[in-house]
Amino acid sequence: MTKLIPWRSLLFIPANNQKFIEKAHTREADGYILDLEDSIPIDHKTTTRANILAAAQVVAKSGADTLVRINAGLRLAVRDLEAIVDPQICAIVIPKVSSAAHIQLIAETIGEIEQEKQMPIGYTRLIAQIEHVEAMPKLDEIAASSPRLMAMTMGTEDLSLSIGMEPTTEALIGPCQQIIMACRRANIAPMGFPASIADFSDPAKFQAAAELANKIGFAGAPCVHPMQVKILNQVFMPTEEQIQQANELIQSFQLQYEQGTGATNFANKMIDLPVVQRAENLLKRLNR
Amino acid sequence: MTKLIPWRSLLFIPANNQKFIEKAHTREADGYILDLEDSIPIDHKTTTRANILAAAQVVAKSGADTLVRINAGLRLAVRDLEAIVDPQICAIVIPKVSSAAHIQLIAETIGEIEQEKQMPIGYTRLIAQIEHVEAMPKLDEIAASSPRLMAMTMGTEDLSLSIGMEPTTEALIGPCQQIIMACRRANIAPMGFPASIADFSDPAKFQAAAELANKIGFAGAPCVHPMQVKILNQVFMPTEEQIQQANELIQSFQLQYEQGTGATNFANKMIDLPVVQRAENLLKRLNR
Amino acid sequence: MTKLIPWRSLLFIPANNQKFIEKAHTREADGYILDLEDSIPIDHKTTTRANILAAAQVVAKSGADTLVRINAGLRLAVRDLEAIVDPQICAIVIPKVSSAAHIQLIAETIGEIEQEKQMPIGYTRLIAQIEHVEAMPKLDEIAASSPRLMAMTMGTEDLSLSIGMEPTTEALIGPCQQIIMACRRANIAPMGFPASIADFSDPAKFQAAAELANKIGFAGAPCVHPMQVKILNQVFMPTEEQIQQANELIQSFQLQYEQGTGATNFANKMIDLPVVQRAENLLKRLNR
Amino acid sequence: MTKLIPWRSLLFIPANNQKFIEKAHTREADGYILDLEDSIPIDHKTTTRANILAAAQVVAKSGADTLVRINAGLRLAVRDLEAIVDPQICAIVIPKVSSAAHIQLIAETIGEIEQEKQMPIGYTRLIAQIEHVEAMPKLDEIAASSPRLMAMTMGTEDLSLSIGMEPTTEALIGPCQQIIMACRRANIAPMGFPASIADFSDPAKFQAAAELANKIGFAGAPCVHPMQVKILNQVFMPTEEQIQQANELIQSFQLQYEQGTGATNFANKMIDLPVVQRAENLLKRLNR
Amino acid sequence: MTKLIPWRSLLFIPANNQKFIEKAHTREADGYILDLEDSIPIDHKTTTRANILAAAQVVAKSGADTLVRINAGLRLAVRDLEAIVDPQICAIVIPKVSSAAHIQLIAETIGEIEQEKQMPIGYTRLIAQIEHVEAMPKLDEIAASSPRLMAMTMGTEDLSLSIGMEPTTEALIGPCQQIIMACRRANIAPMGFPASIADFSDPAKFQAAAELANKIGFAGAPCVHPMQVKILNQVFMPTEEQIQQANELIQSFQLQYEQGTGATNFANKMIDLPVVQRAENLLKRLNR
Amino acid sequence: MTKLIPWRSLLFIPANNQKFIEKAHTREADGYILDLEDSIPIDHKTTTRANILAAAQVVAKSGADTLVRINAGLRLAVRDLEAIVDPQICAIVIPKVSSAAHIQLIAETIGEIEQEKQMPIGYTRLIAQIEHVEAMPKLDEIAASSPRLMAMTMGTEDLSLSIGMEPTTEALIGPCQQIIMACRRANIAPMGFPASIADFSDPAKFQAAAELANKIGFAGAPCVHPMQVKILNQVFMPTEEQIQQANELIQSFQLQYEQGTGATNFANKMIDLPVVQRAENLLKRLNR
């Protein structure tokens, strides 16, 4: 399987769930996030952390990327980092991020550990999880906080709770767009979808949410269930029809452009440069 | 009747409308706002102001909270405050707020009057009414302007006018979410609904707006018609089904959590901490 | 034909398209934008620029306003300005604006040329086109950047591309509202609609987009097709029914207000000042 | 006596001090500020306010401008404004300004009163007094708050107290420069000097402070003692030597410039445009 | 010895220097900062940390307050906090603070440990040390970051290094004033002096720096040498003459004020309210 | 002669002054700025621009770096850039910068020209000249505006004029420190001195200004007279004594540090890490 950067799908796996870990390589996700945070009870943290590099080795059989979500509080986070900064782990998901400084302090700590472990400084990349209303006015500074940061994602359940709202598409679309726009300004990947991540009972509903995510500008999403992986991989992959249409549009544009007509038409729409570039981006994604 | 803080429903009553004042205690609102502003013609201001504490006494028969909306201009506002800062009035609604300093100057003036009237300094609480597009980029500073401020509400008619838009749900939902998020960051109550407050001809339409308000995170709303009170009280009160489901969800979570499974399921959804906390909040509202 | 300020419809015409230029005066747009930017291939720029004042003269037969869109890069822009700052051109559209300083540097350059050509300083007005996600957090400073600036419009295709989203109504409505609110705060006209400008195959769909634009607060829109002109002119013009209702509402309000009832009703809705003012604005638009 | 705008010297006079009022016209200040604030005990406020227009008439004998400083708290301020907005009073000094909104609320109130008194709206100008450390990060927004605002001045005693510092030149120069720069950005006059206004025992010390004020960019200053008036009038007036040097510098520059040498010398200094412009400003002040 | 809050002098003691620890109680500082950071070599950190509560007990013999400076990096800081959050330690000095979030993450961690150790939440107070030019534009947000924060101090050596300047009075006074003003706005104590803390060879020079510190508004200072303690205690304590003058000024003011003269004189200076309040503050410091 | 980066001295030469150009290589500046702006009369601009690369070749005989200052207005600037973007010109000085966007628009234009001339994109570096009070609150965004930007300098004459102040050290030191701190935060070189650049009559006075510049953190300075070059080269070069002391300090620190004493002394001052690092920086400058 080819690794896609940025990822279409990132599957969360509780880092103490041996069954899930062993089956991971069959799930076809572009990456796996071994979770040390919410899915691990407080008194399991130490053992789970001790076994995490072994778990990573199992997950890695898939050929996909292995990530770890650390805990939010500094005391657990520091010990998590000392255990997991390692060549096996390509990126770390930081939960409950509400400031640029939070990321910078974590990044500095990672740098220290990379040096001690004689890894290249900067090897370990970061994903910031936005989960509190406090973070919303600071999205731009968070997105630009560190060269390690490669994506920002929304913890829809936690964020909705802190706003006092239901995690419905109608309520989430506004906050999602703010995250997407901040990511695009900082040139990092926005990941997520405007729906509850925990609702995997209805594949059609999830499919709709994923398609909307794709349309409003997300580049992929984290998920918690294998069904979600499949849908995400398919939604964030261009269709045959899209590919053909994109190829035709580009050719049509080039032809008319060379003839000097300037404003060109395709399928009864005026085509100008941005439309052509969107088609080119689509083809690039196909060839990753 | 038990007072709910924050209020589910706050009914505006023109402070010179004797009939409305006398019937107020039958309306079952959680609070009543005696209005000195838009509903009082300019040449009725002085008499209305002179009678307001008497009116407050009548309204108080309901056992609900009594509030007053003062005028926006400083000259009327200062005289309004001198008349109404009083142990009978628990909070003052300030209209047309577009800056933190506006609230702070009013709060300072109230402090002076409380001192003169030998009331405890800080007794009188404030609600800020957002009614102009100028206020939108300053919502966070307004929400954090004073420890007296307990809620922020949207004047949908005036705000829509200043934006040049129709006060429809589609157009209001974005500005509403900005107000809700600013309130949550400042730990005050967002009150309102994404529709025209003046449209009380269609109860079903109002019910839909109130339910949407609840879902996107409002904690209650001001209103102008008794029909609206009933709907708000019911919408912002949890249903039997919600209560039962919340109880079950909490129990299920505790059981699975104690067994150390970490990621737990309920009704085919993964449950984690935020979901549980939302259920706990709902039960708290019930027991107010 | 009477010129409307602000314009209901501004029709883009490639400045080298002789056919379109000659037919312009039959299109009934409130203004025409001769485009030197995206619709002109790079090696046609010089000739097109040289002929632009002649083209303006032809377009002016319609009695409508003539505008020019210059190129974005400074080297082309400076030469464009030297050619087109002229009494015939009432306003210049600046594409790809992402900062207040961009407008100010262009405005300063225009001032120099106006002085050289002995035109009144300030004669040439500006419209800023928002086309990149970078501009979104700076809309207020852009809107207030220069006294020459009279409108801000959204380049939906380019903006969507830079956000990585599809230019659908659902995705565009949030960014549109941000632009509208920034314009209202700066007292300039927001122009646009929440849909792709290039899709002129489906008049009904365009009509719906234009009506939504009107409802959320746009004051008019640029367009690329004569069909769009007709729809924009009609949507942004008040209907007979609206006019009659506005007249009645104002009369009803005045009557009840004089009787001192304060909160007044009309067609079963409570009417207060903002509702009345919206009616008055509508009548003003009619009489332009 | 010719009125200078902006003023070199503005003399504070307690508005209840009949002796000072009667002698005012002999003091040669460019303007007089009748003070209703700090110099009037709380139980003298009402009578003093009632007599203030009569006092203004006496002061006006000097031919200089008459200003009034109102009280800071809204209750006194509103009554002050109702008494003093009048064709006799050219400007109002607002004490304890810490926000733009403070000025805007006062300006709006003045507008109402001007309308009632059938004065031209905008007649009454404003001076903002900066007296609290809270104001320091908001100087730019305060300076740009209203078209009525023509100057900003520093209340050195109060400001120093709120910072916990002594009002010495060393400590005041930094805050003074911040005020000056904010005024220059907003195109209003900075007034003040980096020393205690209350220390009028030592004319030489005051002279030094005034000269420093002039050098760092103040355009004039308020004061409390006739001795200070004389010094301010003289310091903020260019000397014969400065005038002659300025004339020579301008001529020398023009000569060398016409000869095309570009970088020109005068008295062994390289002269370029800013140096010449400073000389021209100096001559303008002379001719006011 | 009486504890002064805020402290006049805080003496740094390397936490592994047994001699200094034992002599501490003879030094007469208002507080002692046991240092775990710069004065402790990296391989002594663990042992020093293990002995710190024992050292605190020795230092406490003086009756003065005991504080600890933790390390800057998160890995050391977290272990430092786990060792030192304790009823014996009234406050923790955080070095190298450049953001509000840094303080908030530390404060949250302290809260967790206080809970585990059954201490009252909020017991442990904080002092933020500003040591990098990055912090300068964020002083206001740092000063307001946490209710635990009681003072902000400048690390003159480190800050000067990061600016590339010499730690001279001339260069430091500007940055010092920015810190003082931010502290006053947030109602916390500014501590420091505009000179190198490391230069204790010249008592007269240090005395001058301390006096300047007092005049520009610092409330006390940290120091590294017993000689500095003596000078700080004396400089930040009012003199007999100041006390007498303050008493006389207050009496004189009250007398003249009761007589209704408004603007009053004392020792040939006009006295108004701020001057009186400064005198009152001085007397309060005496009676601590 | 070795090129120093950053430069100790940059000598301005009017780009049409053949005599100065020919003597340049004897002046020993670290770099020469051929000026197209203030020192060139408007009707000499075109010829001077046409000859500038020839002039650069002459100047380059010195082995020092060649820079060009372009004009401020866009029309001249664009033509200047088209003439001077060239492998011979290592950096361009942009005058009258008051925004980040100004630099970004220029940088984009340079990129276009570099591409056309087949130079490596990014070859041409930038220096921003701060000359207007408008720029002061935006120094951080200007300093971080472009990866091409390597230094920021102050146009003391113009800046002082726009503030309305005399260009004295006392008045300039505050603004200088703001520029220095913004540069250090953005990791670019602050260049300048707190005095008038045009006053070269008094070498001792200039020497004092240069030494102060060095102490407050400037890294070098532009200048207009050969005498200034010599002084700048010497002031910004470490002395023998400084070098020896730095070496001794570093050795002493290492010795005491290895012995584990932690807080170490040198010449009766406590030495800690920042003091040592400053010494190390000094030695690095020597070895450039």
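Here the chain labels run A, B, C, D, E and F in written order, and each chain numbers its own residues starting at 1.
Keep this in mind: a residue touches a chain if its C-beta (ideal position, glycine included) is under 8 Å from a C-beta of that chain, and two chains touch if they have at least 3 such contacts.
For clarity, every value in this text was computed on a predicted model and none was experimentally measured.
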What's the overlap between the neighbours of subunit B and those of subunit C? A
Thinking of C-F, which of B-C, D-E or A-E forms a repeat of its interface, with over half the contact pairs identical? A-E
If CA atoms of subunit C are superposed on subunit E, the rotation in degrees (nearest 5) amounts to 180
Most remote chain w.r.t. Subunit E, using mean C-alpha positions, is C
Chain centre separation in whole Å, for subunit F relative to subunit B (CA means): 58
Per the C-alpha centroid definition, the whole-Å distance linking subunit A and subunit C comes out as 38
Inter-chain centre distance, subunit B versus subunit D - centres from mean C-alpha coordinates, in Å: 45
Could you list the positions in subunit C whose residues touch two or more of the other chains? 174
Among line, ring, star, complete and other, the chain contact graph is other
Contacting chain pairs, sorted by label, are A-B, A-C, A-E, B-C, B-D, C-F, D-E, D-F, E-F
Of all residues in subunit A, those that touch subunit C in their complex: 140, 173-174, 177, 180-181, 184-185, 190, 212, 215-217, 219, 257, 260, 262-263, 267-275, 277-278, 281
Counting only contacts in the complex, subunit F reaches subunit C at residues 73-75, 77-78, 82, 98-102, 104-106, 108-109, 112
Subunit F-touching residues of subunit E, taken from the complex the two chains share: 14, 16-17, 38-41, 44, 133-134, 136-137, 155, 157-158, 160-166, 168, 170-171, 174-175, 196-201, 224-225
